[in-house]
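The following blocks contain the structures, represented as structure tokens.
There are two complexes below, and they share subunit A, which is joined by subunit B in the first and by subunit C in the second.
On to the complex of A and B.
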């Protein structure tokens, strides 16, 4: 069990903007960005409202990562905080 | 030889435009064939057909250009290789299914297992007209449940446990029905708006949302000459035995009330949907 991260205070280790791509590249870009992080580090992803906010968190969960928080940026985009999981869990 | 075209058709031999040529329909359940079966089909198409197969709109396989004189030989060759012939005419047809929960991340139910059970119970049963079953694993509805005489669609009956919730906000966006809202303290769920799609359960990072798999059953769909969407006449069923009882009831109603050559939809429109609803209520 990795230690709990409080999403209110969690500082991201990297930022990623996937507002310029659509499915499936949204997930691919997030996956590649997570590959560059160490286990337990946090990625902040900026993504469009709609299909990306519906599906990207779920796809990351299915890969075993821990989604911490989805926040409305109130400009048609959202900010998703995700903590990198080990390859095998 | 005097050909019994009706018997040939029952056995899946579809008469072609070309005299004494048949397109041979094979039995496939849920679109799955083993590599061994594919090899058998490949050899049969090479030996007895024109070296190709046709994939039908309902996950079936047909081998065109089978000669009348070869009918028995090709049936034996297929049977020896683990492939059965399909059916046509007024009876229960191929049961279709998506890959379901075993393969697909979106799946809520074991579609292939259910399709196999339905096929085992009903495939080829003689009825007033054709009758189609289709099983789809979730509300993405890849297998188009509502275009079947009886369609079965997977879903979840969902619930939320506050102790496990991190208030991340993912479920609020995952829900397409607006059934979930949240503030800084709590998640609010309106079951009236819930469509049982289960997207909240699939998306929830902490498993605060959980779901009991269920079956949404629709009746009277048809997508040929007449296009009509199957109707859901019961609440979502979480007991698989009840799904089979609902299928039994639909077939009994159809066998009893439909005229020869009348589809389930038209029989229900003529006889009345209330009678079907009452029958379902009494059986479930």
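On to the complex of A and C.
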């Protein structure tokens, strides 16, 4: 298992913007970006308010990843921090 | 290899699956599958594998498209009558998915060419319609150490089994030798319902996809039978035959052999 991460101080290892795509490409792009990371690394995702903020974190959790934080950018977008889980199948 | 945006979109419905994911998709795109027989079984198998993005598909068939084929062989259409099946299949698959490289061989698989045909492929699909070819493919895959899925269809029933080297029985463990010619009818004599070829051919494609992406469990060590009239599937355990002539401890079959096929003059 990987060590605990404090969501307040977590620094992302990679950034991804999925504001230009809609479901299911939002989740697909997030999966691909996580696939390129090492287990335990953190991905920061910029996503639109509404359907993406509801579904993307949930789908990533279902895949076993750890959603650390979702913060409102106050411009209609959110910033999601997610930590890559060990091999999830 | 990184997936393009077009690929992410095309394959999005399966990349989303955690059992496939980006890694499984990359595995499919770099995989090589050979389909022997571009007919009833080979058609749906080839189309679903091409649609799924299997990077290289080999197709081997020496026949031309005949009007009686079109009731089930969905790779081919009415304007293709008389054309080599491999040519018609190549066009269908290229139109379906340009990501896929299709390699065709307009020859009948035989003892002479089978080992060369299967070399260089990761997985083989038996889409043939006679016992001679089925034993030939089995023996070649055992000798050449290639995983393959066997399938057969007749009237309203079908069967399926997967062989993986070192992981279970081969087709010959189950059926020791081909039946004598003229004792078993072929599709031509006995008939077959087209959708059955679809069901069983798709199951073959599914076995290949699972093998290539390393997900789920395969039909190794069991035979799946399907009775379309009763809508009944049965999974029957098949043990390894330790004295199997080709995959046993002391094999007597060391090269593939051509058997005489059932002739079509049997009356029913």
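The criterion applied here is as follows: the second predicted complex is superposed on the first by the 86 of 89 C-alpha atoms of A that agree within 3 Å, B and C clash if a C-alpha of one lies under 4 Å from a C-alpha of the other, contacts with A are read in each partner's own complex, and residues count from 1 in each chain.
Methods note: contacts are C-beta pairs under 8 Å (C-beta built on N, C-alpha and C of every residue); 3 or more make two chains touch, one makes a residue touch a chain.
Since the model is a prediction, treat every value here as computed from it, not as a measurement.
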item	value
First, second, both or neither for A:13, with subunit B first and subunit C second	neither
Partner chain in contact with A:61 - subunit B first, subunit C second, else both or neither	first
Touching partner for A:71 - first (subunit B), second (subunit C), both, neither	first
Which superposed partner A:35 touches (first subunit B, second subunit C, both, neither)	second
Which of subunit B and subunit C A:53 touches, first, second, both or neither	first
Residues of subunit A at both interfaces, subunit B in one complex, subunit C in the other	62
Subunit C partner contacts - residues on subunit A that touch it in the complex	24-25, 27-29, 31-32, 35, 59, 62-64, 88-89
Subunit A-touching residues of subunit C, taken from the complex the two chains share	3, 8-9, 12-13, 15-16, 18-19, 21-23, 215
Residue ranges of subunit B touching subunit A (in the complex, touch as defined)	105, 166, 168-170, 172-174, 176, 199, 202-205
Residue numbers on subunit A that touch subunit B, as the complex places them	7, 49, 53-54, 57-58, 61-62, 66-72, 78
